[in-house]
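Submitted below is the structure of interest, expressed as C-alpha cells.
Each chain gets a letter, A, B, C, D, E and F, in the order it is written, and its residues are counted from 1.
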Amino acid sequence: MDMIETLHEVSTATITSQLIKQGGMRTRAVRGVRPIDPARFRFAGPAVTVRYAPMREDLDGLASIGHPDNPMTKAIETMPAGSVLVVQAGTMQGGALGDVLIARLVARGVAGVVSDGAMRDIAAAAGLGLPVFCAAYTPNPSAAELIAVETGGVIGCGGVLVYPGDIVVGDGDGVAVIPRHMAEKVAEAGLEQERMEAWIRKRVEAGEPIAGLYPPGEATLAAWRAHKAG
Amino acid sequence: MDMIETLHEVSTATITSQLIKQGGMRTRAVRGVRPIDPARFRFAGPAVTVRYAPMREDLDGLASIGHPDNPMTKAIETMPAGSVLVVQAGTMQGGALGDVLIARLVARGVAGVVSDGAMRDIAAAAGLGLPVFCAAYTPNPSAAELIAVETGGVIGCGGVLVYPGDIVVGDGDGVAVIPRHMAEKVAEAGLEQERMEAWIRKRVEAGEPIAGLYPPGEATLAAWRAHKAG
Amino acid sequence: MDMIETLHEVSTATITSQLIKQGGMRTRAVRGVRPIDPARFRFAGPAVTVRYAPMREDLDGLASIGHPDNPMTKAIETMPAGSVLVVQAGTMQGGALGDVLIARLVARGVAGVVSDGAMRDIAAAAGLGLPVFCAAYTPNPSAAELIAVETGGVIGCGGVLVYPGDIVVGDGDGVAVIPRHMAEKVAEAGLEQERMEAWIRKRVEAGEPIAGLYPPGEATLAAWRAHKAG
Amino acid sequence: MDMIETLHEVSTATITSQLIKQGGMRTRAVRGVRPIDPARFRFAGPAVTVRYAPMREDLDGLASIGHPDNPMTKAIETMPAGSVLVVQAGTMQGGALGDVLIARLVARGVAGVVSDGAMRDIAAAAGLGLPVFCAAYTPNPSAAELIAVETGGVIGCGGVLVYPGDIVVGDGDGVAVIPRHMAEKVAEAGLEQERMEAWIRKRVEAGEPIAGLYPPGEATLAAWRAHKAG
Amino acid sequence: MDMIETLHEVSTATITSQLIKQGGMRTRAVRGVRPIDPARFRFAGPAVTVRYAPMREDLDGLASIGHPDNPMTKAIETMPAGSVLVVQAGTMQGGALGDVLIARLVARGVAGVVSDGAMRDIAAAAGLGLPVFCAAYTPNPSAAELIAVETGGVIGCGGVLVYPGDIVVGDGDGVAVIPRHMAEKVAEAGLEQERMEAWIRKRVEAGEPIAGLYPPGEATLAAWRAHKAG
Amino acid sequence: MDMIETLHEVSTATITSQLIKQGGMRTRAVRGVRPIDPARFRFAGPAVTVRYAPMREDLDGLASIGHPDNPMTKAIETMPAGSVLVVQAGTMQGGALGDVLIARLVARGVAGVVSDGAMRDIAAAAGLGLPVFCAAYTPNPSAAELIAVETGGVIGCGGVLVYPGDIVVGDGDGVAVIPRHMAEKVAEAGLEQERMEAWIRKRVEAGEPIAGLYPPGEATLAAWRAHKAG
C-alpha cells in the first residue's frame, strides 16, 4: 500500500497527533473548513496552491478566469490527477470556485479542493462527487472580492503553511497538511495508531475505564503488541 | 413566465454576477445566512422589512409581539402572499422568530424569511415547509436581546441595503437582493446565463478545458448563439 | 413524571423564556453550540463541569488524559449516569474530546456533552448515539491548544455561568442551563407552556391571526384554561 | 444645578451602576467607542439620532450629504445646541463624519458626537474642541460603505437602544445612554454616589481595607451620612 | 512640486475620495492600522512588498532574518530610499518588525512601514522617527507565528491589493494605496480638493450651513473658481 | 541584582524570544492588552490570580466585592506587596476594576494589574501611578457581565496559562508570563540579550547592514564576546 493509499485510512485527528509527536507541530490543521457535502469528505494528495488577494475594481478583466494568464485557470488546467487544490482566499466573502470549475476539476481527476474562503453553486457542486472544503458559502463570484495572483507558490491556508507538494488529507473533522518530508512516517505511524485505537475503542465499548488504556500506558502498549503478534 | 417565476430558475450566484455586470454592484449577497432546512431553500419575492434594535430591560411588554403596535406583528399580519420577510436583527443572540410565527407566515402564504440574526424552535420550524434563512440558532426569545422597532422602512440585512419591494431570492448559496428597478433585466439576463452555463457545463463534463469556454470567450458565445438558433 | 423526564418534553426555547419570566435571566443559553449529529440532540441532566486553560508546551505529559490527576479523566470516570459533561474550552481550536472518550461516556451512561470549544473524530463520534454539542470541529487533539485544569468547579460555558448540578438541557436550538434551585418550577411551567403553545399553533395553522393569540392575551388564556378543563 | 449640569459631574461608570440599581438595565454603555482626542471626552445632552445602512453603488448621488433630503444633513442643520449626535453606522469601515462636518457641528453648538462606526480627518477634527467618540478611524468617506437613511428614529448604537431625547453622557470610559424618563433620578443619585465614592477613595488612599468600605456596608453608609450632616 | 511631495499635502481621506471619484475604487484604505507614534504619521512613497505566511515549527532557522535567503532581509537591504515597506502579515499575533530592524530602515532612508499585523519593541521603535503603521502590538517575535515567504510580489494588506510600486500614503486616519498609474492624477486633483476644502471649512467655521457648501454644489464651485482666479 | 530587578531591564520582546529559545514556548504573551497610561507600563512580579465567570442576574449580592467571600476582595486584601494581579475576565464588556479598587492596590504596594477584560474609571485610575493593562475600557461595573468565582487557581489570561507565582512582566509591547521555574534563567539570558542588542543597534544606527549582524551570526557573537571582555 503506498503512502497516499495508507493516508486514506488515517484520520486527520490521528495525523495532527502524529505531527505533534514527531515534530512538535501544532499548526497543521486548516482552521474553519467544512465539506460542502457532509457525506463526502475523504481525500488525500499532494497540494497544488493558488493564492488570492483583494480585488481592485479595474482589474475584473485580468482577474477573469478566462484570461490566459489567470493563475486559477493555470492551476486547474495543469494540476496532476490525484492532486489537491489548496486555495488561500483570506476572506469569506468571495466565492473562489463554482460548479463549472469544480466539474472541470472532476474531469481532470483531482482528488480534493480546500479553500479558507467561500464557495458558490453549492447545491450543484455538491452533486459532482468531489470532496470540497471551504469556510463559508456565498452567491458572490470571486471577482466581487478577490483576484487570483499566483499558483505554485507557498501559501497560508486557514493558519497552515502550505508548500506545493505537501500532502493534504481531508475527513469529517476537516483538513490536515503534512510537510512533504514527513508524509511517509506520518502515514505509517498513523495507520498503526488507527489500528491500536480501534482495538482500544472496542475495550472501551466493552466497559473498561480509560486510565492507562487511553492514551495507552505501558501495560496497554504491551498488550497491543501481544495482540498484534497474536 | 413572469419575473418572479423566472427568478425561481436563476441561481443567486448568477444574480450576483448579473448585478456586478449590469450595475457594478458587489454588495447584494446577504452575508452569513443559511437555510434552516438544507433541502428547502428556493424562494423569490418582494421584500417586506422589519428592523430590530437592542432590547431595553423595561420594554418587554411593548416589545411583545402580542402588543398591537409591535412592528413584527404588523408585518406578519399585513404582508402580501408571495412576499419575503427580511429582518435586520444586528445580533446573532436573539431569536427573531419561532415556530408559531413561522406557522402563521405559512398560513399567510409568505414566500420566504431572511434574518441576519438567529432563529429558534428550529426543529419544529424546519418541518413547516417555508424557506427560512438565518445566521445562527438560539433558544433565546427575541425579547432577550432585541425589540422590533419598525416595519416598512429601509434596512441593512447582512451588509445589504434593502428597500421594501426589492426582489429577494434564496437558494443553496444564500440570499441575493435585487434593486426593484433592475429585477426584470436581471431575471431575463440571468435565465439566459443559466441556460448557457448548463450547456457549457456539459461540455466541461465532456472533458473540454475551461480557457475560452468558461467564462465564455467570443468563439464560445458564437457557438452558444448557433446552438440556440439550432 | 420527575423533573428530568419533564424537561425532555420542554424545548430550550421554552426554558429560556421561563428563565426570563421567572428570574429575569437573559443569559442562560450557551452561545454558538450545535449538535454533531443533527438528528440526535435531546438530553437533560445535571452538570458535571470541566475547565480547560491554554496549553503550555512543556506540560503535555501532565495534560494527558492518561495522567492519574487529569481533571478530564476524573470527570469521565466519576460522573454519575444521567449527568451531563459541560466543558469550558475557551477556544475553538482544540478538540476537547474524540470518539474514544465519547465511547467511554456512552459506556458510563452519560446523558450528554456540551463544550464551547471544538470536538474531533466527529464522523466516528456521531455514530455513538450520545448527544454532543460543540462550537467547532477540528482534527487537533486537545493538547494542541488546551490543558484540563479543574473538574467540579464553577465555570463559564458559551457565556453561561454553570455550577455543578445545574440542569442542562439540549435540543435542536442549542443548550440551556437552569439554575438548580429553579429547575422544578421551570420544568413544570415549561411543560404547561409547551402544551398551550401546541394548542395555539394548531389554531395558527388553522388560519387565526396572532394578535392576542400568540403570545396569548387574556381571552386566549381563558380559552386555554377552558380547553384544559374541557 | 440642572440635570445636564449635574451629569457633567457624574461619571459614566456611576451612571451605568445607577441604571442597574434603579432599573436592572445592564445594556446602556455603548460598546467599543473611544474619544478621538484622549484629553477631551466630557459631554452630556439629549440624543439626536441618525441611522446608516449599507451603501449601494448607484446611490452615491442620493447618499451625498449635499443632497437636500440627506438625513445626516438634516440632523446637522436642525439639531439644537447642547444636543448630542448619535449615529448607528453598523460597520467600522465607513467614515461617518470628517472635519468639515464636525466644524459645522461646533458652529451649531452641539455638545458631542457618538458613532459605533468610524470617523475620518481625525487629526484635523481632534483640534476642533468637540468631544467625538467612535469605534475606528478610516480614510474612507462614508459613501464607500454607508448611506444615511433616517434621522429622528429609534436606533441601536454599539448595542444600546437609543430613542431621540435619551440623555447621552461621555467621559474617559466611553458613553452611557440614560432613558429620558430616568435621567433626573440617575443624575441626582449619581452625584450623591460620586461624592460618597470620593470620600471613600480618600479613606482607601489613607490605607483602609475595602471590605465593608467599598462598596459601602451599613456602617460606612452611616458614617457617610454623619460626614455629610457634619 | 513632484507627485510624492504633492501627496505629502493630501490627506488619505481626500485620496480615498478621489479613488472613488476617478476609478470607482472603494477598497484602497488599509483596514485597522494605526501609527505607533500618534504624533508621527505622515509619509508617501512607492511600495516594496513582503509577504508572511504561518510559521512551521521546524523552519525557525530558515525563517530567521539572519538567513541570506530571508525575504524580509532582502527587502530591508535593497529597498530604495524614499520607498515604503508594506507587509502582509495576516495575523495580529506575530511581531513583524522590532526596533533593530526599524533602526536599519531609518539608516536606509525608508519613508514608512505598514503592516496589517503586529509590531514589537514599540517604545524603543517609536523613538526612531520613522512613521510605522500596524494593527496591534505584541512582545512576540515574528517567528512565533510567521515566516517571511516572498518579497517583490503582489500582496493583500488589510484588505487592499498592493503591487510593488503602488504609491502608499499615511496620515492620522491610516493608510491609503494608490494604483501606480493613477498616482499623478490623484495627487493633482487631491491637492486641489484640499485647497478647496480648507476654504470651505473656513466658511463653515464662520457659520455657513453645509447644504450646497459641502460637498460643494455648483454655486460653491463657481465661487471657489472665482476665489482662485481672485 | 535579584531576578525581579533584572527583569525590569529586560523587555517583554526579549522574554518571549527567550521562552521560545529555552523552552519552545510560543504562547506566553497575553493577547490584546494595553496599558491604561501609555507612559506607565513597566512592572515585574509574581502572579496572584482571579477568575471571573459570566454573571447571573440573581447573584449580584454574592458577586459584590463587598461580600466577605468575594474572591476579588480576598485577592486584593491578601496579595503581597510586589505581586501582580492577573485576571481572567473572558469578556471585554465588564469592568473588572475601577479607581477605588486600584487605589487600594496602590496602598497595598501591588506591582501591576493585568486583565484580558475591560477596566473602568480609566481617567481617574490612570492618575494613580500603577501599571494597569487591559483589553478594553467600559463604564460598566463588573456585575453587569461578570462574577468573580475564584482566587489562587490556575487561569488562562489572553491565551496564556498562568499559575499563581508565575513571573509576570509588562512593558510598552504588552505582558509576558514566565513559568516560575524558568524565571531565573530567562532573566539572566534576557539581560545578556538586551545588552548585546543595544550594542548591535548602535552598529545598525551607524550604518551596518543586518545580515549576520542581527540576529547575530558567529562573527558577531565573537565580536560581542570580545567587546564584553574588552
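Note that a contact is a pair of C-beta atoms (placed from the backbone, for glycine too) under 8 Å apart; a residue touches a chain by one contact, two chains touch by 3 or more.
Only a predicted model underlies this, so the values are computations on that prediction, with no experimental measurement involved.
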Item to check | Intersection of the contact lists for chain A and chain E | outcome: none
Checklist entry - In whole angstrom, how far does the Cα centroid of chain B sit from the Cα centroid of chain D? => result 36
Checklist outcome for this item: Rounded to the nearest Å, the gap between Cα centres of chain E and chain F is 31
Next on the checklist: Taking the mean of the CA coordinates per chain, how far is chain A from chain F in Å?
Outcome noted: 38
Next on the checklist: Roughly how far is chain A from chain D, centre to centre by C-alpha average, rounded to an integer in Å?
Outcome noted: 48
Item to check | Residues of chain D whose C-beta touches two or more other chains | outcome: 24, 26, 57
Next on the checklist: Thinking of each chain as a vertex joined to the chains it touches, would you call that graph a line, ring, star, complete, or other?
Outcome noted: other
Next on the checklist: On the basis of the stated criterion, which chains touch which? Give every pair.
Outcome noted: A-B, A-C, A-E, B-C, B-D, C-F, D-E, D-F, E-F
Checklist outcome for this item: As the complex stands, chain B meets chain A at residues 11-13, 15-17, 20, 24, 26, 29, 31-32, 34, 41, 171-176, 197, 200-201, 204-207, 209-212, 214-217
Item to check | Of chain E, residues touching chain A in the complex | outcome: 23-28, 52-59, 90-91, 147, 149-150, 153-156, 159-161, 179
Checklist entry - So in the complex, which bits of chain E are touching chain F? => result 57, 60, 64-66, 68, 73, 76-77, 93, 95, 98-101, 103-104, 106-107, 120-124, 126, 136-141, 143-145
